[in-house]
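Comments concern the structure below.
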Amino acid sequence: MRRAVDLAAQAAAVLCTVAVLLPLVLIFGYLLSKGLSSLSVELFTNLPKPVGEPGGGMANAIVGTLTLIGLACLFGLPVGMIAGVYLAEYGGTRLAWLVRFGADVLNGVPSIVIGIYAYTLIVLPMHGFSAYAGGFALGVIMLPIVARTTEEMVKLVPNSLREASLALGVPAWRTTIWVVLRTARGGIITGMMLAIARVAGETAPLLFTAFGNQFWAQSLRGPIASLPVQIYTYAISPFDDWHRQAWAGALVLLVLLAATSLLVRLLTRGRFQTRL
Amino acid sequence: MGDKIEITDLNAWFADNHVIKGISLRIPEGSATAIIGPSGCGKSTFIRCMNRMHEIVPGARVEGQVLLDGEDIYGPRADAVEIRSRVGMVFQRANPFPTMSIFDNVIAGLRLKSRRLSRSRLADLVQRSLVQAALWDEVKDSLDAPGVSLSGGQQQRLCIARALAVEPEVLLMDEPATALDPLSTAKIEELIHELKERYTIVVVTHNMQQAARVSDMTAYFYLGRLIEFGPTLQLFTNPSQPETEDYITGRFG
Amino acid sequence: MAQALREKTFELAWQLPGSKGRRSGGSSRLGDTVFRACTTLFALTLLAVLGSIALVLAYEAAGAVREFGFGFLVGREWDPVFRRFGALPFIYGTLLSAVLALCQAVPLTIGTALFLSELAPEWLRVPISFLVELLATIPSVVYGLWGIFVLVPWCRSYVEPALGSVFGFLPVFQGPGYGVGLLAASMILAVMIVPYITSVAHEVFRAVPLAQREAALALGATRWEMVRVAVLPYGRMGIIGAIMLGLGRAIGETMAVTMVIGNRADISVSWFAPATTMASVIANEFNEATYDLYTQALVEIGLVLLVVTVTVNALARLLVWSVAGVESGEQRG
């Protein structure tokens, strides 16, 4: 009898796992089937066309996403990385505990709230939507991820390396920069890739910062298209052609993200556990 | 009295590491048997083979025959779960369940075997087990206190009570007093004396004086092999193997 | 080379005071101070960003706060045309969709986490946990896309009629089902929070010491009984933390929910009915807000959203930290 319960429990655990993985299979499956059929060269080369006209694409959205990610990195990567170094080097202090906690809290702030934040700070004074505002919002989202992963990677550097450098007379600050960071370089970069993968798919904060654009952005001071926003706009529209393009765009986005995720996993195999 | 456990040509591995090499031994019933030897000689692994705990480690393997009352515990029809309720174990470090009270800790094993026991019956069993473990007087007024609120020595006796509550036939003790202070150690040793009336006890210890104090029979292991096995008094005063004599006289280990 | 370094270290180590090994040279002391000041500055920037988010939102929402006061939170009417703003429909939708999502996700994730920590052989554990984490890399908008074209029709054609016929005596399963609504939103949310709860729960279970498991096994427990007696109680606090992390995520989720919830600012008993959440109303109406009070009301909703998620997440982190390692993200061997 007890053995029966034991077996039933084991079976239940297996079933749960299957149930959890089922949506993954379904989503990827639909994306592949609906997205592949709508995939075309035009998607990558053409601008969006009005409904009814064939051959519309998402070239501006793809470039826009890359632009926004670039801008986000300008803010998020340096600030995040150096903050992460602080956390690793001076980690025992009260301030460090506060910053660490703050980073985790910031990580959990809904991205739409960060959108409002960027709107108030940048869109309002600039009197208009801009790539800067969108990039800033994404940078804020990246900040805690980069900080925490940098911290973890720096902490992984063995103390003996640090001590060897210090014993040779190298000052502590130089040790950190030339020895520790260089050793942790690979891990820090993968942490950055994680952050980039996270923001590449963000839609909500861009809705009223970067806004969107049916054409090429004329400058960074104006609205700019992005892949997620374009997918959203097309998805909620009533037009079948746009729906198909949405699937294709989503496939492109997901392939990029999955590839990044896999790359990160491979590079850090066994070294640290990615924290969501 | 017959043999409670009869081990024949026992071999055990951790992956490719051959840690128990062809050991044969007979544990008499109603006695205390000590297993001594230097660190790493396989003592703990050996007794873990006797309640099929060795195999829970990934990559671990056992070959050979272990007869409990004449039946091979590694036989095709043997159930590891049932074996473990007949052959109890006390570990080197006390491991009471931290989320349970003293009372619940003692009956933790009982609850697995039979769900429907009345509260009063459970209370009786708890008392009996704690008395046998020489802990009753110290905790009888605070049975609802968390198990981990006791001192180290008390926690170990709690674990003994927990093991006894399922009414095993054999009690395996893996260096039960190693992590304890001398006073608690003395209490545990006294306990072994009392318990061996009713149970068959196998104690692993690296403390020779302890083995001499508590056991009737002693086995000396070295590098995974059984070197000598015999009545404690004889093994310590007049060992037949030179290796045994070397160990006992402190020439190494 | 390493040997030489070690020897040199040993030679000089006893000369160096303290663990940082700071030399008494003046220039390096200056360098250290500057370094520390710089890094501290950037660390403070992070805190400043966090703090300013709250301040900025509070400032922007001030007008609405003054206008509606506490009634904002319990007001049922959201009517931009008549300048009447009450946030209850959004709060209701947010909380209910999140709770329903948890009800669906929690049993599945605990089961999966137990499978990973107790049953799965080594070669299976890594790929499966990778696949589970892959769920987290799917962007919200893609979930929404799939939700609109796959989940919603499925709900409309199969799930809602089935629930209505079997459990139709319950008011929550009554009424017409159009597919879009609370139910679909909760289902999509459940899928989205699965990876977060699973990964934390998995770590919590792995953190249970071997000694505890052995204690249970040695008493003659089956695998499941060992889990029940040693693993689950030990990991209780951590599991609650994991669930709260999932809750925090579900509350803040925007795009996928917006795309399948129907976006109607109304409170109805039925789970089939279209509803709305705090995040989705902001997403939908922020660019439509034509006058200041409208924007301020939306920002105030954002403020409420911020406060709720921060609180839930902070509590969750504290719980998880207390069980599965002091600093979240601590490396496990």
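Going in written order, the chains are labelled A, B and C, and every chain counts its residues from 1.
Note that in this section a residue touches a chain if its C-beta (ideal position, glycine included) is under 8 Å from a C-beta of that chain, and two chains touch if they have at least 3 such contacts.
Keep in mind that what you see is a predicted model, and the values were worked out from it rather than measured.
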{"item": "Centre-most chain, if every chain is reduced to its averaged C-alpha atoms", "value": "C"}
{"item": "Contact-richer chain pair [A-C vs B-C]", "value": "A-C"}
{"item": "Centre-of-Cα separation between chain B and chain A, whole angstrom", "value": "54"}
{"item": "Chain centre separation (chain A, chain C; CA means) in Å", "value": "16"}
{"item": "Approximate Å spacing (C-alpha centroids) for the pair chain B, chain C", "value": "47"}
{"item": "Touching two or more other chains - residue numbers and ranges from chain A", "value": "2-3"}
{"item": "Overlap residues in chain C, where contacts from two or more other chains coincide", "value": "222, 225"}
{"item": "Multi-partner residues of chain B (at least 2 other chains)", "value": "81, 112"}
{"item": "Touching residues on chain C, where the partner in the complex is chain A", "value": "5-6, 8-9, 11-13, 16, 20-23, 25, 27-29, 31-32, 34-36, 38-40, 42-47, 49-50, 52-53, 56-57, 59-60, 107-112, 114-116, 118-119, 128, 130-146, 148-150, 191, 194-196, 198-199, 203, 222-225, 227, 248-249, 251-255, 259, 279, 282-283, 286-287, 298-299, 302, 305-306, 309-310, 312-314, 317, 327-329, 331-332"}
{"item": "Contact set on chain B toward chain C in their complex", "value": "51, 53, 56, 58, 81-86, 88-89, 91, 93, 95-100, 108-109, 111-113, 159, 162-163, 166"}
{"item": "Footprint of chain C on chain A - complex, ascending", "value": "2-3, 5-6, 9-10, 12-17, 19-21, 23-24, 26-27, 30-31, 34, 78-80, 82-83, 85-87, 89-90, 95-96, 98-114, 116-117, 119-121, 140, 143-144, 147-148, 152, 156, 160, 163-164, 166-169, 171-174, 176-177, 197, 200-204, 207-208, 211, 228, 231-232, 235-236, 243, 246-247, 250, 253-254, 257-258, 260-261, 265, 271-276"}
{"item": "Partner chain B, residues of chain C touching it in the complex", "value": "122, 209, 211-212, 214-222, 225, 229-230, 233-234, 236"}
